[in-house]
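Before we start, here is the structure in question, set down as structure tokens.
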Amino acid sequence: MITPQVAKEDDELQEECGVVGIHGDPEASRLSYLALHALQHRGQEGAGIVAVNHKGDLESITGVGLVSEVFTESKLNTLPGDIAIGHVRYSTSGASMLKNVQPFIATCKLGSLAVAHNGNFLNYKQLKRKLEENGSIFITSSDTELVLHLIAKSKAKTFLLRILDACEKLRGAFSMVFVFQDKLVAVRDPFGFRPLVMGRRSNGAVVFASETCALDLIDARYEREVCPGEIVVVDRGDVGESSMFMVSHPEPKQCVFEHGYFSQPNSIVFGRSVYETRRMYGEILATVAPVECDVVIAVPDSGTVAALGYAAKAGVPFQIGLLRSHYAKRTFIEPTQKIRDFAVKAKLSPVRSVLEGKRVVVVDDSIVRGTTSLKIVRMLRDAGAKQVHMRIALPPMIASCYYGVDTPRSQELISSKMSVEKIRKHINCDTLAFLPLDSLKQVYGPVESHSYCYACFTGKYPVTEEEEEEENNAERELTAL
Amino acid sequence: MITPQVAKEDDELQEECGVVGIHGDPEASRLSYLALHALQHRGQEGAGIVAVNHKGDLESITGVGLVSEVFTESKLNTLPGDIAIGHVRYSTSGASMLKNVQPFIATCKLGSLAVAHNGNFLNYKQLKRKLEENGSIFITSSDTELVLHLIAKSKAKTFLLRILDACEKLRGAFSMVFVFQDKLVAVRDPFGFRPLVMGRRSNGAVVFASETCALDLIDARYEREVCPGEIVVVDRGDVGESSMFMVSHPEPKQCVFEHGYFSQPNSIVFGRSVYETRRMYGEILATVAPVECDVVIAVPDSGTVAALGYAAKAGVPFQIGLLRSHYAKRTFIEPTQKIRDFAVKAKLSPVRSVLEGKRVVVVDDSIVRGTTSLKIVRMLRDAGAKQVHMRIALPPMIASCYYGVDTPRSQELISSKMSVEKIRKHINCDTLAFLPLDSLKQVYGPVESHSYCYACFTGKYPVTEEEEEEENNAERELTAL
Amino acid sequence: MITPQVAKEDDELQEECGVVGIHGDPEASRLSYLALHALQHRGQEGAGIVAVNHKGDLESITGVGLVSEVFTESKLNTLPGDIAIGHVRYSTSGASMLKNVQPFIATCKLGSLAVAHNGNFLNYKQLKRKLEENGSIFITSSDTELVLHLIAKSKAKTFLLRILDACEKLRGAFSMVFVFQDKLVAVRDPFGFRPLVMGRRSNGAVVFASETCALDLIDARYEREVCPGEIVVVDRGDVGESSMFMVSHPEPKQCVFEHGYFSQPNSIVFGRSVYETRRMYGEILATVAPVECDVVIAVPDSGTVAALGYAAKAGVPFQIGLLRSHYAKRTFIEPTQKIRDFAVKAKLSPVRSVLEGKRVVVVDDSIVRGTTSLKIVRMLRDAGAKQVHMRIALPPMIASCYYGVDTPRSQELISSKMSVEKIRKHINCDTLAFLPLDSLKQVYGPVESHSYCYACFTGKYPVTEEEEEEENNAERELTAL
Amino acid sequence: MITPQVAKEDDELQEECGVVGIHGDPEASRLSYLALHALQHRGQEGAGIVAVNHKGDLESITGVGLVSEVFTESKLNTLPGDIAIGHVRYSTSGASMLKNVQPFIATCKLGSLAVAHNGNFLNYKQLKRKLEENGSIFITSSDTELVLHLIAKSKAKTFLLRILDACEKLRGAFSMVFVFQDKLVAVRDPFGFRPLVMGRRSNGAVVFASETCALDLIDARYEREVCPGEIVVVDRGDVGESSMFMVSHPEPKQCVFEHGYFSQPNSIVFGRSVYETRRMYGEILATVAPVECDVVIAVPDSGTVAALGYAAKAGVPFQIGLLRSHYAKRTFIEPTQKIRDFAVKAKLSPVRSVLEGKRVVVVDDSIVRGTTSLKIVRMLRDAGAKQVHMRIALPPMIASCYYGVDTPRSQELISSKMSVEKIRKHINCDTLAFLPLDSLKQVYGPVESHSYCYACFTGKYPVTEEEEEEENNAERELTAL
């Protein structure tokens, strides 16, 4: 088992991202750009696209900022070709961050190859050490560079077999798209931690994306998920796409936070409507944690759908009790004479006429450190709420995630340190309830519920010691390189 | 009566803006900056602040873009002093637009004075012509420059009396703040077309702003509206603020679109909660235009509150059937192989699981040219809606506004050219209904309803020929200058 | 007589600038842009162009920075038309400087008019006060706005007569170009302080510019100077251009610093080759201030031509003893452990192999405060010079300029406070000599020498009390407005 | 022998750059920034600095543009530590150029290491292929990445020995600085193609730089060149620096173009004053190619010093006949009605008063394709020159350079295709003469002249087949990795 403390040393590797890949469309880079725009909520710090031009060369544009800031019409015009992959990135560190913006391109014996990655390699440090001991250099500080090394080191004859080879050696969460020669390859780790879907445009072009909302924007029809452990290959001039599977085929462990928080409500993720799933969280929450109240409100935007479910089940009107600013940036210049709860107020504004004199249920998706919840409760009371009942549409988060989500260390998670009652007192609400884990599983039913990862609620991580041994085997192989 | 065609020649004068003024706070410019952030929805094209430093000099920063882009900490530091005014601006034209970003500063015989203006002077052209005939020059293309000339030309002894003098000559919509010497002055035209409120911070600082949401963000308590025709003067070292009133005291004609569309739901505008008013629009709409349906959705964000009202009254669940992108910019690069309804799709995404197989009521605030509504209906049908019933929470708009709202020419408004049934066919929805004007007035009751402007629904403009005669008198006075 | 102290209160008005005007070329704005590039040495802080499009509208682009930074191809494309004027600007103050970037456009009774101005109005304050007393407002802090007011206030029937009228009221230095309707007008003040030349392209287009180097770049043939007191009018469809003259026709007083310092060596200014004139300064200096030496070097670039003259006359080799960096910006980040003479060293580098063990004559154009000269001498000695003999190719500057040159107050000029010998000791050179005023006049001969201004060397300003009386008359006229 | 055609396929690898390294100064990064400013003439496309902070971490800032554009005070503040290296870069290709801006940082088994490189590895492709065959990946398109791989692959125990190991394998031109742990290492290839000097500040800090002009600006005393084949190591807390030498010790082949064109005149390069050497080129040229003339002028700036030598020897006055604009950027917007010789005119302006009616000798450093020379001759004639005699202060360039200078392919060099007389006719000058190679060698004398590379004048490249065999050996070794 991976212990949080060790893994957290590489804090910068733990991020949530979005990927896209398009094959067979004459405007592959432009559609990638739109797809990245649709996936912008998965990463706002940087964006990049690599396209394959008619000579088979890989051309790339990457930059810091939003998709609309990184790309201009004239820049996109320098990316011709009918195959492209793209990436949006969350979280970076330091002044030299640009070199960590994906997709990454590398040349090796077989030619040039590019990759975009959403996830986190758990054995990055071990494999990096092995590779370095055998004389490899690492130029970026991103774990994604690792997969390029493994591909280059593989003894297999083709890029495709080498990708398979490399993926067999990797542990952890990875939904990746690759491009090389005339091929686009999409890969999802055997646990299927992070989502990856496949669709098709009416002209036959194949599209891979982290979420279906990206397919919708570019008029691609959703076909299916890339399966956990699957490697889908799309080839030019082929009759269609083909698949390989990695040897490992554990029970899938898909990230339940995608349903509860990350994904867009209009996406289908892990074969389920995010909207419908999130609404059911709210309904069940209303059943297991009812309270006398006058109005149900949400912490927008991620709490809204669950709040609608809660309100409907509770038979209490849903209202917009908190408005989210469309213009709030992370850092806003504050007056020196501190404004109370300024950081939250610049983003969220209470609606007094909804709250005044009311018993309010406020639905949020999660409580991390508790600092924001405390300010929200205070803001609601200041705006006249008579009672504030907080309802969280996911179970208490007690353990850090190592599968691609940027969470604080477990010790910083308020639920790992305090009981629900203590948290309630801390954030000063009248009642507080979380969605119990068992109730959450009801949403998925007795069978499907096994295919999700609940590690952040339980501390029980899917990657066990048994697999670590496998890892040692993998290391032994590498040593032989 | 002002005929639309003539007035529309000065298309660039017709804009919606936001203003703020602060007196008596050591961080006046920084609080103005935050207040402008809260008013950002009233204008995204430019922003500016003028502060009065301890020597009585006016210092200014203006720029093109969002508040967060125009101001930096180091720039704000160049604006010390405890008096400041600010402005956010919507719509500009041409490359030289920066010189039209307010506040404007001018020096005249009595010294320096700055102004920020929300509204539109109907007699701008006539007065400009008179002034030019008497040898004045105009350096900007904004009607706001006019008021500075009138103040400079006034024979009155003090800036204050001259502001009164100037305001008496102006016709149309104007909510303005002025700063000079140690004084802050707030003015609202006799009809009170545009909003302007007054608040106070706990340290005694007086704050004026277009909407109360700006007061909320900077911890100022809302006290009252600036009355139509009132000129409020705040003086340093005074016991409090004092008021003057313009001679003209017609029945107020406040802009009903502020309640229905422009203002933030958490603001109190014209003494009423925007949220509550907008919700009532929706409720009444459900009563007068009911329809069998499975779900009520909104065109976000401005249609959301009315949709909640409609759903509650209709007893049908409200759902998020359309998601608004937080990252959509106005111009997005489109592929050459056109994506259907691209412009709308980049901003709004349908949620299939909410819509599929459903009879959908979709609530919007208005239909302007009808082009967007057509695309929204098509998007909803494409996403599986069985029926689409469009409900507009305001009456049909048939006439252009000359009181500070940037509307197309009357002929371009679809409701001026087509019956409701024709519009329904055009945008291809199953049923279409607007909030009848009489129903709208019910919200305000028999007395208060007289104090609103319905010109855009009726074509009957509050400024009548009778007043034009007054205007001629005003002109005669000017000729005497 | 204008006393320096009073005039220097408006320090920000005193600047050196460059202007251009083009009439009758289909690419008027693009040629203006190139002409401004050629005049870039006259002002690096801001640049602007106003063009008249086919409908007679004035369109403008202005910006802060170098010509190459302000204009892009797409921006220039928004300035069609065959008439344009342009301006480069030196020195600005404050954050709101953009509104002071010329050309200025104003609308008045007769329509729109734009102006670009090189010079300084001595009666700006008086006339501004008068205008303000009569109700005018001033929106910029540039004296150029004044001329627009005077034109608007004039009772004359046409713009042309009003320009004449306005120019008659102005005192001081002004070389200006105006554009309005289909006309381009060039004006030079009766003293002709600042240069202004006229040329013609092979397609018949007329070009005005501060210096002939601008004509050269755009393939325009130099025809003649605009005469002191002349107003040249170029009209569309006319057989040619016509002229008017102001009533006042004093002896011209052209700025000798244009020859000695400001203008490009390849320009013809005041009918003379700048190169030839500057070289003669050097030759005469060698005759009147000879010294035993091994090498003659210049402080580049302005001292180079005089140094060549000195070296030739002295029969001593000229060498490049100081290199000027092409990349030096004004503010460079210095280490905290001070580098000696850093500010000068970032711009100028000594060439040791030229200097080592040598008796060096170093030729510069002027000594202002003396701080730079001191560092140059030290740098030369550090680089091995055995002796350093400084030669200044102009007389000692003892009085501030009020005719468009940005000079420090007279008291700050080292020559106003110290004898040559004291300065020599202060800057620590072996010998120091200036070009005597009488010798300078020899260059021009007994007749022509009267037509130059020597006020900065003598303190005797051309505008005398007698003319101030005229000014009072002008004021009386204005009062009648 | 390397055949030009093959090598030119990697056109983007051939560039001229500048490097700096500082050890033992508390403001190492700030001094590096100033040193890069002094070396700006060696590369204007990009710049970067890597500093070692007190924990031994390498921090980096790199960017596209001039040194003054890439670095700000706040950015430099993020680079604390007393060891730093820096790089300025010329020429890049494609949108993804930022990742090619040096210094490069890599992590390998021994830790992190950074490198900045001026030169060109001739066996880049071969070694890259070998490495790729052994599973290495290349992430940049710069040959500099190669040296990092070689270091990582080396079996030696320390970074230092590995650098030696790597350098033994590299062929071609390389002046490099490395930083790792507490060490700064400077390396120069055995032929010493590119310059690299060493100096010391008064506080004991050691400085390496491409030219001595960088030492001068930061008050470091020039001590000596890094010898061809030398590896100088500077260690913290050491008594001083130590050296190792590569095994190969051929006769040095230093680039004569550094004296004739690249280096700043105030630098000492290869132990010689650039100024003095360049002046001697001009003197000898006057002796071997005299002509009756009235004036000697230069093509500034690189031709100026040779022109001074020519003029002195010929006894004819030197004048400034061509002015170079300080503001010319590479791409300037041209009117559609072409201006003759526009591209040259935007940079160079003729001085008519120097040229008119004169027999002119114009001295330039080289003729590449001949296109610029043709325009210069025409400009001089248009400005009135009666005769134009062109003198080139280096021999005809007939072969492309593979040692770090970005030259066109040999076939594009005009001297490889035409006789001197044909070139004369082509560029239309009255006489044309180059500095004969034998005369050039006279400057250095019979012994020293052997230590320079004349490949571009002779086509005889210092790296011969014999050494290629060695290369094969090197390859064999690599295969063993």
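As written, the chains take the letters A, B, C and D, and residue 1 is the first residue of each chain.
The rule is short, and it goes like this: a residue touches a chain if its C-beta (ideal position, glycine included) is under 8 Å from a C-beta of that chain, and two chains touch if they have at least 3 such contacts.
All values reported here derive from a predicted model rather than from experimental measurement.
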Other chains in touch with both chain B and chain C: none
Most widely separated chain from chain B, with each centre as the mean of CA atoms: D
Gap in Å, rounded to a whole number, between the CA centres of chain D and chain C: 39
Computed distance of Cα centres, chain D from chain B, in Å: 61
Separation of mean Cα positions, chain D and chain A [Å, integer]: 48
Chain B residues counted as touching two or more neighbouring chains: none
In the complex with chain C, residue positions of chain B that touch it: 59-62, 75, 78, 94-96, 98-99, 104-109, 129, 132-133, 135-140, 145, 148-149, 151-154, 481
Interfacial residue positions of chain A with respect to chain B in the complex: 26-27, 30-31, 33-34, 37-38, 40-41, 66-68, 71-73, 76, 203, 213, 216-219, 264-266, 273, 275-276, 304-305, 308, 312, 317-320, 323, 325-327, 329, 332-333, 335-337, 339-340, 345-346, 349-354
